[in-house]
Amino acid sequence: MRGRSIVIGDGGFVFALEKRGYVKAGPWTPEAAAEYPEAVRQLHREFLRAGSNVMQTFTFYASDDKLENRGHTQRFTGEQINEAACDLAREVANEGDALVAGGVSQTPSYLSCKSEDQVKAIFKKQLDVFVKKNVDFLIAEYFEHVEEAEWAVQVLKTTGLPVAATLCIGPEGDLNGVSPGECVPSDSSKLIVGINCHFDPETCVKTVKMMKEGVEKAGLKAHYMSQPLAYHTPDCNCQGFIDLPEFPFSLEPRILTRWDMQKYAREAYNAGIHYIGGCCGFEPYHIRALAEELAPERGFLPAGSEKHGTWGSGLEMHTKPWVRARARRDYWEKLKPASGRPYCPSLSMPDGWGVTKGHADLMQQKEATSPEQLKALFEKANKGH
Amino acid sequence: MRGRSIVIGDGGFVFALEKRGYVKAGPWTPEAAAEYPEAVRQLHREFLRAGSNVMQTFTFYASDDKLENRGHTQRFTGEQINEAACDLAREVANEGDALVAGGVSQTPSYLSCKSEDQVKAIFKKQLDVFVKKNVDFLIAEYFEHVEEAEWAVQVLKTTGLPVAATLCIGPEGDLNGVSPGECVPSDSSKLIVGINCHFDPETCVKTVKMMKEGVEKAGLKAHYMSQPLAYHTPDCNCQGFIDLPEFPFSLEPRILTRWDMQKYAREAYNAGIHYIGGCCGFEPYHIRALAEELAPERGFLPAGSEKHGTWGSGLEMHTKPWVRARARRDYWEKLKPASGRPYCPSLSMPDGWGVTKGHADLMQQKEATSPEQLKALFEKANKGH
Amino acid sequence: MRGRSIVIGDGGFVFALEKRGYVKAGPWTPEAAAEYPEAVRQLHREFLRAGSNVMQTFTFYASDDKLENRGHTQRFTGEQINEAACDLAREVANEGDALVAGGVSQTPSYLSCKSEDQVKAIFKKQLDVFVKKNVDFLIAEYFEHVEEAEWAVQVLKTTGLPVAATLCIGPEGDLNGVSPGECVPSDSSKLIVGINCHFDPETCVKTVKMMKEGVEKAGLKAHYMSQPLAYHTPDCNCQGFIDLPEFPFSLEPRILTRWDMQKYAREAYNAGIHYIGGCCGFEPYHIRALAEELAPERGFLPAGSEKHGTWGSGLEMHTKPWVRARARRDYWEKLKPASGRPYCPSLSMPDGWGVTKGHADLMQQKEATSPEQLKALFEKANKGH
Amino acid sequence: MRGRSIVIGDGGFVFALEKRGYVKAGPWTPEAAAEYPEAVRQLHREFLRAGSNVMQTFTFYASDDKLENRGHTQRFTGEQINEAACDLAREVANEGDALVAGGVSQTPSYLSCKSEDQVKAIFKKQLDVFVKKNVDFLIAEYFEHVEEAEWAVQVLKTTGLPVAATLCIGPEGDLNGVSPGECVPSDSSKLIVGINCHFDPETCVKTVKMMKEGVEKAGLKAHYMSQPLAYHTPDCNCQGFIDLPEFPFSLEPRILTRWDMQKYAREAYNAGIHYIGGCCGFEPYHIRALAEELAPERGFLPAGSEKHGTWGSGLEMHTKPWVRARARRDYWEKLKPASGRPYCPSLSMPDGWGVTKGHADLMQQKEATSPEQLKALFEKANKGH
């Protein structure tokens, strides 16, 4: 099966840089591209070394309406952030043989019921930077509503560049009730469709399969993409890991191992997915695991495998003999890892407020949430338990 | 309690850089200091930003006997690696207000029953570099045998620099059966004693307390230090996480949250520990959590808190109202995080081969383990289950 | 809502008497009705006292083809067993105000592909005893194939007595792929339909709801019944708890508490189910919990509540003050009980051999499984893991 | 090892009969001996059939001070209850070849700080019935305070009958801080000492071993006995399962399997324990498992094994081939049973009020706890969490 080309994506920057100290959980905005370029550059390099074929610009939530939102004090304009992100991605892409993808994502304007024109204008502004900076292709990702994703694709397609569009939905469909099988693009030329974020690899691959069935049923063709979480989420409802009580600060026990990742890569490949990457929670070693699993198909190992023995074989050089005895695929594939947390459950009951676009609670505001608003939210939350 | 000075340590480089692609699990050697200085420099910077007062040179297992061990192809001499590590630590320390500590750790020579003189010569070689590079103080860490730690301290003390010495033992004592309460230094001037690695924070703090009781019972005084794992290990035996079946590639579900870390910082402080840091598994956000917990005592927050709201307060700016409702200490302190792994247990049975220094299986060799040796190990391991 | 009549069923005899020492797991046949009448009588009495309105004859698997099956040495004829079971049920029913139901269940003959006439003759033989012994109504229960259940109902209906028919299927339908919504009886007069065994209460209530929707969609009416397991089975596939690796000797950690049972009673009642009872795993206190939960609707508590304070109120008389503090509904409803088994997972992977009626492995034989057959089975099982 | 005689005890009546509807949780008194003799007789018979060599009179908490305690409305005098219990035990013992043991347990009088004479008078009154009814030996069981146990033994020894004395303590010792190793009887002739209730088999065997070491260190000899819970309690503190939040109504997930019981029997035997039985949670099949495990040493299987294939061999006759594949020791010994409860933890934090004899909260009263007292307790309990 060497014939089919496989693209290895990169991992999510927002969560990785939050742990490194450069992104603030809550706003999740990417001003670090301009503020701390060496940290962003280093993460790009690690993903490149791990095997990523794509350097996605660190422009998640870098639309002007988001940057202004909720009291963020801006030391940099949206344009500066987007430009810096493009420069960093290009710099590192050139160190290897990777492509640069300019990325847009869902907007507060859509959630706050702004018009189609207003929302499209937001995307256009980021796009102008991407065009100026000569990105190789475009990604519209992290859309909870199919409608907004379509608007984004329409804007991005005006450039003539290839466009990848991924929704952050699961098998139950988007927040307006559109099912994965209904996500059939009217014009699939130069289009990659798929899923990113919100769910674990197993769920994302399942959802992409449902999309693929819908597209094929309609007699169309497309390329497929999955960039799931690196967190196990068997207990999620339709809104994904956002609703889990552990989001975003206690997700640690859910982090996938490298062996879970190899399983994901194989399943995604078998499902006919071409563009296989990751989102929140992915660290460089997770991407390397994808590249190692698919090395037979791709014909080569990533640079980072210099520091990794396949299936644990590096342990042959460990000090302790019983750890050397773990230097084999069989051991790691079968192991059911313990959590070390005997007072914790294995699954959680997700929140389920069931509100979406149009609901007053979801109108986005520029000011920080006031103490009165927070108090009202705490009470609502406690009542729900 | 502003009066007592607190030192915040850094996190373990070996595991953090393994995930980033620059250290190989198995040999665990630090050639990246010379090979990939930008990756090592970036990690130093992240710990500095997170609040670390100490930049420890990335010289773990950088003794010549270890570097030669088990077939490692050396592009760099031990001297080059140790020098590069000192330069990187100093460079970043100067960007803030941190000290540089030169570090040595246990040697294959001791495990292979070499003489006291031979082992001491190994330490001396690393020490010569540290002296030349003007480190501020010295750390002898990760010793499973008290005897070897004492040899190391004797060598390090010849410099007149302050010395910190940490064992990787738990409440049951070292591999020769020496209990924590018996670890009383004969000369405690300019000496910091404590525990690092192998066990979770709870266990390490408990073990340091036992050491403290022993020291105080002997009518002596000392300074105390703890640099535990960032993994929950309630199920370990005397050899720590090495013996857990998940070591080293499936430890993810055991990773501590930032809230677990705040609890650790408070408990360590209450136990009278002055030097509070971390070892394997610690990421920059874990160190930041220590610094945030102890901010009232230290009088300031770390630079990295610019991107972190205390106790989740950054969530006030999250898009979803039910996530904003999590912006409170009460929520995160009480949460019992689920593993998302319903087919996995909460505890594991550790391996327990019960061999230590002197046993033939523990003689270290330069050559990689042969297939015949591996086969014999696999069989031994399978019989044990 | 006093208007609607509720029938409280009894619990499963086979599992309860296995634990008491009178039924052999494997054959699961009810010869104890003739062999150890005092044990069977006592269990009837306990269910009566717990609130059961029905004494079901202990005639599960008491068809001649089953009794002969697999090497069972018969000290009693099928007729003797069926007669003794009727006498015991009637004796105890008369001690209270309960009805007697004669019960038939699926046959080895059907599994072994015997003809409709042959299978019906099997049912007829048991039925003759029930008629002779004047049972009040009939139950055809524990059918994995809708077709066989229909044959049984046709036979039982010839008596003119009311008939209850329950399948042991889940939401995925029967082993031939017939879905719950398709289980619409052609003639629903004097017919109660529902689900028993194989799944936990939550799953059974859900499946009965699907049956009800099917019946109502067809413009028909029926009465509904559920007699689930007293074991939690969220991890089952279509064949239910038989496929769980813990079946039948390690199901203990899955046993429902009395509070789980009260929840079941309320959910079954709210779903419009009239006949609410139990199957394998139910002990008398489980049935009492159903009767206590529905006491407001039924207007009275069962006799057995003499020895039980509602929602734990009996603890008011406990020696220890902190146990007295548990004498409240709120405490027991919210408690998430620990398993005390930190090395065990919370869910299991069920076996899934996927064979059903017609497959050679399922042909039933009179002789005990031979060592060669067993060896072949062990190998098949091990390969599957 | 046929030489050593082994006594198989019976299981706890209080919990078994609570589930059958004849004992009230909270007071836990045994009036059923007089009120529902057929239920008590049947349980005796099941234990006899399962292999018990001893029929212990159902006289737990049948002292007059306990029966009067906390508002119990008495239809029977203490004497009537004790006499009825003796008659039932003797009747069933004679059906086989078992001994009758008259049993006393700790008293509210001791907890309420009555004098030694007053407490001894309480024991004397039960003893008079036992002597009149000609029991074969005596058991003083379920003592949390060594002092009270000694008083009981002194009273019982006046009869000249053999006496067995068991404490309900763990490795941490009794509620006054007396350690297991200190429980050395001054006169061990005709004395059996050991542990019952409060902890799981593993813990009880460990505690008996500590007692044995103490006795042997003192140069004495004794016979040993263990009658543990049938609940896993790895998370208990010194007061045992009483303190677990699941006590007494949500202990189901902790129930031991028959295979856990075989392991217990073997460990108890290897520890040199002669009298191996059970307490709360034990059902007849648990006792049968003890007798089956020790059948090689005792030379015979119990009557109840007629309905049980050793190590699951009865499954050879199961309908489904994959269940037949489980008819082997290897399968059941290795299985880690799932709880089917993914939202529940594996361990609990026990209550720890830390009050014992002498504390006002522990003074026992005849009246039921008043609503005001309960409210105060609820508040105390909630504060503790």
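In this document, chain identifiers A, B, C and D correspond to the written order of the chains, with residue numbering beginning at 1 in each.
Everything that follows uses one rule, which is that contacts are C-beta pairs under 8 Å (C-beta built on N, C-alpha and C of every residue); 3 or more make two chains touch, one makes a residue touch a chain.
Every value quoted in this text rests on a predicted model; they were computed, and no experiment measured them.
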item: Intersection of contact partners for subunit A and subunit B; value: C, D
item: Most distant chain from subunit A by Cα centroid; value: D
item: Distance from subunit C to subunit A - Cα centre to Cα centre, in angstrom; value: 47
item: Separation of mean Cα positions, subunit D and subunit A [Å, integer]; value: 57
item: Averaged-CA centre spacing for the pair subunit D and subunit C, given as whole angstrom; value: 32
item: Residues of subunit B engaged with two or more neighbouring chains; value: 235, 336, 342-348
item: Complex interface listing, subunit B residues touching subunit A; value: 18-28, 38-39, 42, 45-46, 49-50, 69-72, 108, 111, 200, 231-235, 242-259, 283-285, 288, 304, 306-309, 312, 314-328, 332, 335-348, 351, 353, 355, 361-362, 364, 368-369, 373-374, 377-378, 380-381, 384
item: Contacting residues of subunit C [partner subunit B, same complex]; value: 235, 342-349
item: Subunit B-touching residues of subunit D, taken from the complex the two chains share; value: 336, 342, 345-347
